[in-house]
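In the two assemblies presented below, chain A is common to both, partnered first by chain B and then by chain C.
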Partner chain A sequence: MIARLLLGLAVLFLLAFLISPDSFAGLFQPLTKNNAPAIYTQTSLLSLTLSHLGLVALAVAASTLVAVALGVLVTRPAGREFLPLARTVTSVGQTFPPVAVLALAVPMMGFGAGPTLVALFLYGLLPIFENTLTGLTNQRPEVTEAARAMGMTPRQRLWQVELPLAMPLILAGVRLSAVISLATATIGSTVAAKTLGEVIIAGLLSSNTAFVVQGGLVVGLLAILIYEGFQALEGRLSRRIGLAQG
Partner chain B sequence: MIEIQNLTKRYDGNTVVDDVSLTVETGQIAALVGTSGSGKTTLLRMINRLVEPSAGRVLIDGQDTAAIAPYLLRRRIGYAIQGHGLFPHRTVAQNIATVPRLLNWPEAEIRARVDELLAMFQLDPTQFRDRMPHELSGGQQQRVGVARALAARPELLLMDEPFGALDPVIRAKAQEDLRALQRRLGTTLVIVTHDMEEAVALGDRIAVMDKGRLLQYAPPAEILTRPATPFVQELIGTGERPFRLLSLSRVADLVQPGEAPGAPISAEASLRDALADCLWTGRDRLPVDGGGVVTLAALRERAAGADIGSAARASAGSPAR
Partner chain C sequence: MTDMPIPSARPASRPLSRPGLLFALIGVAGLALPLVQFKANRIVLGEGVLLGAAIGPLGWGAMALLALALIAGISGRLPMTLRLALGAGGVVAVLLALGAAARFLTPEGNTMARVAPAAGFWLLLLAFALMATDALSRLRLTLARRWLLLAAAIVVIGGVLWSGWLDGVSVMREYEARKDLFWREAGRHLVLAFGSLGGALLVGLPIGTGIYLLPRLRRAVLGVLNILQTIPSLALFGIMIPIFGWIAANLPGAAELGIAGIGIFPALVALFLYSLLPVVSNTLVGLRGVPAAARDAAYGLGMTEGQVLRGVLFPLALPVILTAVRIVLVQNIGLAVIAGLIGGGGFGTFVFQGLNQTAMDLVLLGALPTIALALVAGIALDLLVETLEPARTERTDA
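Then we have the complex of A and B:
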């Protein structure tokens, strides 16, 4: 109950701050020196936030599509032999530093959103892939058996039974990816992608702590809200199929 | 009619079903009994090809099942298992509607069928239709599992310990209902059970398995009076035998002319109930509803295997190999 209230307040605060950042100037003034501006105004915070979210959404959607497809592929009899390969690819995607991906992608794709999308996409594959794998393989045997015994084709079993039952876990993977990407996207601003990283970098360059804090604050709040939103959805699905109590 | 011919299943060198042949006539119930690990489930699952045989074949109404695509074959065969295997993400109605939906029945017909089945299993449709499986008791889940197996009116029904999770009272009721239902629909039924009592109550014939082999396949009376091997005899439990024999027949089968005082017994009651009544009330003859009496002497004779033994011998088709 209290958690809900806090979340509601966070949403309100975030909206108010993004719509009218100047009203909060007083709050950030103590963090500035030498009468520097308290609020970043080069680009509107709202438009930066929207493009930041858009970038993350696009990248996570792409990772989800690819990771779930991979997860499905390697759990089919025909694709089982690709499991080690898929594991390697997704782990490398996660361990290869996004900054390095940016550095490699810029010469090929030029500055802008492209390299950031690639970095986020690669970075987000692993959690979704691993969770899809767990969700599809750890199903109650009598349920999968019943699906076979009822005369469902392999495709019908996948769409009507296996994927719906794996959905809470898949969503948990997407949640992790989304939250990681939300933070990681800030580095995109080093290669001219429009993200909230722009505010933070501007703060670093001009030694303006207020900018750094407000950029970080917006990203942090977004991450919390997205995290909670996904978790609520997962909880709802799990409860519906009797996996979790409450 | 199901004809199982020389069916064998081996798992890396281990023969878990060993050259089993048996025939279940249309509209009959075959009960598979045997100790744990004797291959009952494996045998059952080879009928709808959840397990592919290593050798031998299964014919359904003369058609070799190996020639039918497994998913099409399975839509024709009802299947109910212990632990029911309901789809946890689907409502009771959606669970029951699984096979009709796969067969593309019209929506209205599916809805009517679901309600009909729910009512048949004493589950009020308005109350249960939209519940999720985890919102049901174990016994209710079990019944929904059986309803799902029956939904598309299969001519053949396979059940693997469907009543394992039920308490004795509900279990007896469920067996009775299943028996009545099966008689009414004329479904051919193969049911696996651990429980000899259940096999005797339900089976037109009982197949006794041990270590993958079929030891005896015969009507209950014959299994009880003439067990083919010491193992079968042990499985029957000699202490229970007279009572199981009596439970096979109705009072109506043993009624003789005469009159007796005291409370009458229904002609539909089992002879076992009649014996219990005699013992409990200290009478040696009971009046039967609709006229006549049943005597303790006749009950004793029947319990010792008289009559039935010879009748069973006459009616037994092919005894075990």
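Then we have the complex of A and C:
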């Protein structure tokens, strides 16, 4: 349980740092040159973190809704015709670099949070959609047969059998999306979105390593926490539906 | 990917192809929206021009032709090969129309005016590209044919660009203005993507083999690499600058070796660090996935540990390791864009310059080649992995 202890410490450190960054100034002072400020004060780190997380949460929630709905659609009889196309588009789509997607969204959306949100949404669709497809199509035939034999309607089968069984994989897709979005949102600052990337970019522009490190540290810690949180949730769900792997 | 039986016989007999209907809807929306934007100079907002009005007297005819191709795609009885030809032909036709529009709309001798692709162009391109992709994913061509198609696509699109037909289009005007710089940054981008991949293979393969042989170390090594992966790329690139600046200044001989805090070096190392996890973990997974029977048989033949690794384990793990190469290469081609932000060069230079000047044509000049590079690398390596996995593909094709 050392891992859990470390995670707890990470949460405490992150909260303390965000609530009172100035108390950690001594920690970052060695990274600055010529008496430059050690802590970014242009905008409060807490508000940047919240708007960063808000942007990611909004984008990932939207991509989850759309991706799962599309995944269900192409695995129903009415949408089967789209399945080969959907598979190819997701695998090809994931080769699109997130930064390029972000840059291409600017001409359509202008600067600010808009293009970042669109890029995060579009890019987040793919892992969730891919995992939803895998989850819905790779189910053991005995289970679906049993559900059919019990006289369940297609709608009942979807809600009570297929989706719950696919849920751990869907969640894994959401986790992947969230972690990618968290990192990509940093780059959103280059198009004037309010995210923690602002701190890093300020550090790059004024060659103040302390800013770069504190921006990176907060995003990195958030990524680890989100990753671990989702993984714990997936594990719990897997155990509940009897798919536990160790 | 093909673990699901795909009902290929049934839809062919349906009178209506639903995917075809979707493509037609996207395409018709594309026809109804302006094909290009005409701008008085490179910064101002322009006005949209429909395809019909953009290429002179032939415009409305071209529009009708494209609409016809889209409508033909709705028929469920259209053979897949014809559908593929329609899609591919449509993509080329839309590209040619863009070039024609630029030629027709730009006044003679005017170097300020810009003709930029607009929503209509992108939607039409999307509709026909989807039509071709859909046909391709149903046709189940042999590997050799798919390699040939990839080569043909590169040659045709390269040919259109080379011919100069698109020279009037805004992106190509930006290219014309900085031709030498473009190719230098393209070279840089490739050095960044392939150099970091090479480094990751040189270091990651031994590490992966090491933790395969010494299971005790697995958790620690993979844990460290996982944490590296969570550092946002922007921050990792930024942290490398002072670190290498310090090394170059304080370590004798480092500066002579080309180590410096500015330029390509910090970006190269940051990409290298990101590439380690996929290489190490896939090497481990690949080696562990080798059937015990094969390994034991090799030992039974009296092969030494080294011979088993080289002669049996590595060849059998190769497809999985190549999958890591695909992941790393595609990821690095994309991430290398960020090097442009820290003066590391590559196509990112144009992307961020363009964003700073709000010159979207310049952004496109950086973003489009990056996407093309990532697509080609991804598709080519997918094909390569399949080529090296003959046993599996034969089974799924049966």
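Points to keep in mind about this one:
We adopt the following convention: the second predicted complex is superposed on the first by the 239 of 246 C-alpha atoms of A that agree within 3 Å, B and C clash if a C-alpha of one lies under 4 Å from a C-alpha of the other, contacts with A are read in each partner's own complex, and residues count from 1 in each chain.
Just so we're on the same page, a contact is a pair of C-beta atoms (placed from the backbone, for glycine too) under 8 Å apart; a residue touches a chain by one contact, two chains touch by 3 or more.
Keep in mind that this is a model prediction, so the values were computed, not measured.
When the shared chain is aligned, no partner comes close enough to touch A:61: not chain B, not chain C. In the superposition on chain A, A:73 makes contact with neither chain B nor chain C. Of the two partner chains placed around the shared chain by superposition, chain B is the only one that A:161 touches, whereas chain C remains out of contact. Of the two partner chains placed by the overlay, neither chain B nor chain C lies in contact with A:7.
Applying the stated contact rule after C-alpha superposition, one finds that A:213 touches chain C and leaves chain B untouched.
When the shared chain is aligned, chain B comes close enough to touch A:146, but chain C does not.
For chain A, the partner that touches more of its residues is C, with chain B and chain C as the two candidates.
Once chain A of one complex is fitted onto chain A of the other, the partner contacts of A:182 are limited to chain C, with no touch recorded for chain B.
Common to the chain B and chain C contact sets on chain A is no residue at all.
Residue ranges of chain C in contact with chain A, taken from their complex: 1, 3-4, 6-7, 11, 17-19, 22, 130, 133-134, 136-138, 227, 230-236, 238-239, 241-242, 330, 333-335, 337-338, 341-342, 348, 351-352, 354-355, 360, 363-364, 366-367, 370-371, 374-375, 377-379, 382. Those residues of chain A that touch chain B in the complex are listed here as 140, 142-143, 145-153, 156, 161, 164-165, 240-243. By the touch rule above, chain B contacts chain A in their complex via residues 48, 50, 70-76, 79, 81, 83-89, 98-99, 102, 132-135, 148. Note for the complex: chain A touches chain C at residues 31, 79-85, 87-89, 91-92, 94-100, 103-104, 106-107, 137-138, 179, 182-183, 186-187, 190-191, 196-197, 200-201, 203-204, 207, 209, 212-213, 215-217, 219-220, 223-224, 227.
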